[in-house]
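Input: structures, listed below.
Consider the two complexes below, in which subunit A is the common component and subunit B and subunit C are the respective partners.
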Partner chain A sequence: MDITRFTSKKFLIPAIISLVILIAMVTLPVYGSLYMVILITAILMFVILTVSWTLFSGPTGYMSLASAAFFGIGVYASAILLPTTGGKLPLLVVVVIGGLVSSILAFGVGALTLRLRGIYFAVFTFGLVELIKQVLLWWENSVTGTRGRYVMLVENDVIFYTMLAIFMLLMLTFFFLRRSKYGLAMQSIGENEEAAAHRGINVTMVKVITFAISAFFMGATGAIIATRWTYIDPYIAFYILYSFLPVMMAIFGGIGQIYGPVIGAAIFAYLEEVLLTKFPYYYMLIFGVVLVAAILYMPNGIVGLVPRLVRRLRKGGSAKQHAST
Partner chain B sequence: MLVLEGEKVTKYFGGLAAVSNVDFHIDQGEIFGLIGPNGAGKTTLFNLVSAALVLKSGTIKFKGEKISGLKPYQICRKGVARTFQSVKIFGNLPVRENVLLGTLFGRPTTAKAANAAQETTELLDFVGLSQMSAMAARELTLVNQKRLEVATALATKPELLLLDELMAGLTPTEIAEAMELVTRIRDRGITVFMIEHVMKAIMGVCDRIMVLHHGEKIAEGAPQEIATSKKVIEVYLGE
Partner chain C sequence: MPQGIITFLDLAIGGLLLGGIYALLAMGLSLQYGVARVFNVSHGEFIMLGAFGTFTLYTVFGINPLVCLAIVGPLTFIIGFLLHKTMFTRLRLLAPNADVYAANSMLATFGLMFIIQNIALLAWGANYRAYNYLNFGVDLWGAIFTANRLVILGFAIAIGVAFYIFLARSRIGKAIRASAQDPTTAGLMGVNINLLLAICFGLGAVMAGLAGTLMSMRIPLTPTMGLNYTIIAIIVIVLGGLGSIPGSFIGGFILGIIGTIVTYLEPSLSLAAYYFIFMLLLLIKPTGIFGK
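What follows is the complex of A and B.
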């Protein structure tokens, strides 16, 4: 809201770290291997899904399981638009269209269902993924008579940079939204929606628009990642795990801080990759154990460990400090 | 000038008339009390005015303009703020941000950031919470939570403030302070409409009082008239 807040010391260290990481990322294709580029692209995809999920569900407390639907729509937008236009439509336009279509769907769905509270909203959004998947399957079976689609190939570097651009745009949106008065409004909705409405907040509007913004990024990500997958069908595009993973990654990282979901998703996605290649048979088992341990011992996620560690390092253990936790 | 008018205000819960054909009016600058036994429909009437509930028939006017049918946030921005019987604050937000929220969203025109900050400070001072502005709202004691709720309501710059049992659960000293707070709110030029069970308090601060029983208005008048009304004594005050 005001400029002095950004230049204050509190932001200096995170700002420098972010800048270093950013430079490392932008120059990655120069020094990194192709494997690195593809791996980081995949990790970025999960980070974007997780952060955009947190953008809406974090402060408002509405647990959305529709991520796979918005992501899948982006995937399909790209799979339909790119080949049918023979690649004439610029990739960036396709990505934006993928995001916009998801966003419009989220707006409509949100307007209809964001009055459902708690578990009902979660169940509805979960159903939405299945609904779209089944409709597409039916469409492909009985109308077009095909199964799935081939997507045009795009260079790995282009995919990487597009993904990075979406990520940066998302982080800026997330940062400014959270610090704006609408960030405060979203938090108040999560705290007590009725009271928020009686303090002059148009709760429906705030919820629906944020939901639509979060869906935009999911759709855009789907649209760009589709070009790496070469073949997609409704089962691949609307895979329900894309709804659950962002939730788990966000909780794993910690929802309270902006960098929580980023760190959570990055570690989680990397872990998945490593486990999948190193222990293909035990991968799911190890994964489950890590998740259970994380939830049991890190209720505020990885990020929540930082203040605890700092306290311990500053010669913790005195009764006073325990009382303050 | 009339600030609030209700005409044949009616609300059913299933077959039960929670509020039935109630006519009332509140003049500008008044402290208007609403009393009645449990289940008389007092809070329901508040919910109808603030649009937490939609009325079945009748109309509610604010400064001559019909407000029934609007959404809660619109009513708030028009200048009608309320508190709740069970305190509704944003527990995990700092005290200060609770109030700031009202200044940022609850007004007909958006307040400038600098003004909002200044007015927030002033309001915290007004209700006596300056020392606790950085605390999480849930950490406050009940009486301070109630004060905070009043401050967030005042932050929306209301012309009419609905107070739902501000004094319930408070100690005698706190009640005296709350009574004083209510008169200070009126001295700011804000009309007050309050539900209260604490007789001493309501008789002491109100200009006029309305009595509801089974959703119907059974009496209205100055505190002295209410205290001596045979009907009111029968159904509510007791011998």
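What follows is the complex of A and C.
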């Protein structure tokens, strides 16, 4: 490998920024308050969901609405394997199992359905979430006779570090996948699937495996956040918003770049937390307005705004007016 | 009359009734998706608005719910029309291609869903609301139905058929069908495409609003009821074939009857059954029963 690639300015500046952010994050429990740690954990959860959604749906163009299903399965895996009393498995093993189960489901679903194009794939994955939820509800109502489960309590710092570890693993996967031959294959599937197949790419294989990888991270996140929620039921675990929010956050941030979904999810998640505490009655309303405004006025996301802003600044003149929109 | 036949009648009419409502919902969404190309996630919110509008008109002003049809219809049309004129037209003109428009407009309707739902929550509160109208039993060959169920069924079929005749016979209907096939060519033939798409979106909202008015006579209302009906409408239009109006009409009845039978056998599995049928159908014949 050419070493100069890693010492060039284009690589070095983002690397240094990432390192600084990383150090700030790792040491957060030392200087930050408990509220900070919990807040950042919540934000990280959304960032992971959004980035793993983008990992598959960004380059291939298949709009998956199954995120809530993979996330929820992780949550349930954790609830079953980590009951409040008598849980024997270590936390890390449970998180990996949560990811793997989601991954296996994604593999099966992907193999079955990834031949569906466009809106059909989106509605199928949407149906998947609801189907799992309804079957679980029926199971809890009529077979076990209990509604919901309690999950073992875990220290906030442990949850935070686990979440951070999943996030870092995801970013590394994302980064290297995109730069590999494999990432190029995905890109070409998104541009023209038939041409990619003719070029000798095993189209189905690439799609299914990426789908499974992205599901792994969603499942792992679900498994760790369940210990923070302590009580879960099918409505909480398979909440359909967890399918829509990653899509929204990714588009809000901009799908074209690696950092787009990260920024979009971080801002959106922060906004959600703040609105929820400041305006509990109006927050969903404000949320909706922000969403509509974002789609109407920033179709390329926040990241798409930056080049436009730079161009305006260079031209001078109306830069101020633009910054305020 | 033997019990078996009564049960059968009960299921058949119950299924038709549910199906009539589903058919209206799905025809509206079919028009919005098939012609206006907006995958409207907030479709159910218009049902909720129609239902709550009727509730308020009936309980506060004492207006007969059937008369409310004539009030809710135009109101929902105006809301839908203006939404398309402002929001979706802008999105359509900004989007570089059809796929981007499909994704962006769907997300916008998702935001719209939050907005409408939460305004309704602020206006009507989170409690269940209901009113009594035509709530007495009618004996049909031994099976007892409340009168409002039969009225709902009659009106749902009448509205559905009237709507179909409107699309099939009228000049606007012809323009709508032409735009569904090929918007660019329809535009070249002198159809004002921006106006027409807005009309389609408005008509879709009307169908949802009217379905809401009819439904409010029977079921308790809550501002968060919309999403379930959106999902059912999505299932029906896939069942009937995306963009096919007759398909949606018949698909609505099919789903209604299946839903009633499953509810009779195992009530808590009815929604799961919907999704199961839906996913099976997508795998076997994604273009739906009446798809091209």
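Convention: the second predicted complex is superposed on the first by the 308 of 325 C-alpha atoms of A that agree within 3 Å, B and C clash if a C-alpha of one lies under 4 Å from a C-alpha of the other, contacts with A are read in each partner's own complex, and residues count from 1 in each chain.
The working rule: a residue touches a chain if its C-beta (ideal position, glycine included) is under 8 Å from a C-beta of that chain, and two chains touch if they have at least 3 such contacts.
Not measured: the values here are computed from a predicted model.
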- request: Answer with first, second, both or neither: which of subunit B and subunit C does A:Phe279 touch in the superposed model?
  value: neither
Task: Applying the touch criterion given at the start, work out whether A:Phe11 contacts subunit B, subunit C, both or neither, answering first, second, both or neither.
output: neither
Message: So in the superposed three-chain picture, is A:Tyr231 touching just subunit B, just subunit C, both, or none of them (first/second/both/neither)?
response: neither
- prompt: Which partner reaches more residues of subunit A, subunit B or subunit C?
  reply: C
Task: May I ask you to decide whether A:Asn202 touches subunit B, subunit C, both, or neither, giving the answer as first, second, both or neither?
output: first
Message: Quick check for you: in the superposed arrangement, does A:Glu194 touch first (subunit B), second (subunit C), both or neither?
response: first
- request: Have a look at where A:Phe176 lands relative to subunit B and subunit C in the superposition and call it first, second, both or neither.
  value: neither
- request: Give every residue of subunit A touching subunit B within the complex, in rising order.
  value: 1-2, 181, 184-185, 187-188, 191-192, 194-203
Touch list for subunit C against partner subunit A, complex: 39, 87, 90-91, 94-95, 99-100, 102-104, 107-108, 110-115, 117-119, 122, 227, 231, 234-235, 238, 242, 266, 268-269, 271-272, 275-276, 278-279, 282-283, 286
Statement: The subunit A residues in contact with subunit C across the complex are 61, 63, 112-113, 116, 118-120, 123-124, 126-128, 130-131, 134-135, 137-138, 141-142, 240, 244, 247-248, 251, 281-282, 284-285, 287-292, 295-296, 299
- request: Under the touch definition given earlier, write down the residues of subunit B that touch subunit A in their complex.
  value: 50, 52, 71-73, 76-77, 81-82, 84, 88-93, 97, 100-102, 104-107, 113, 152-153, 155-156
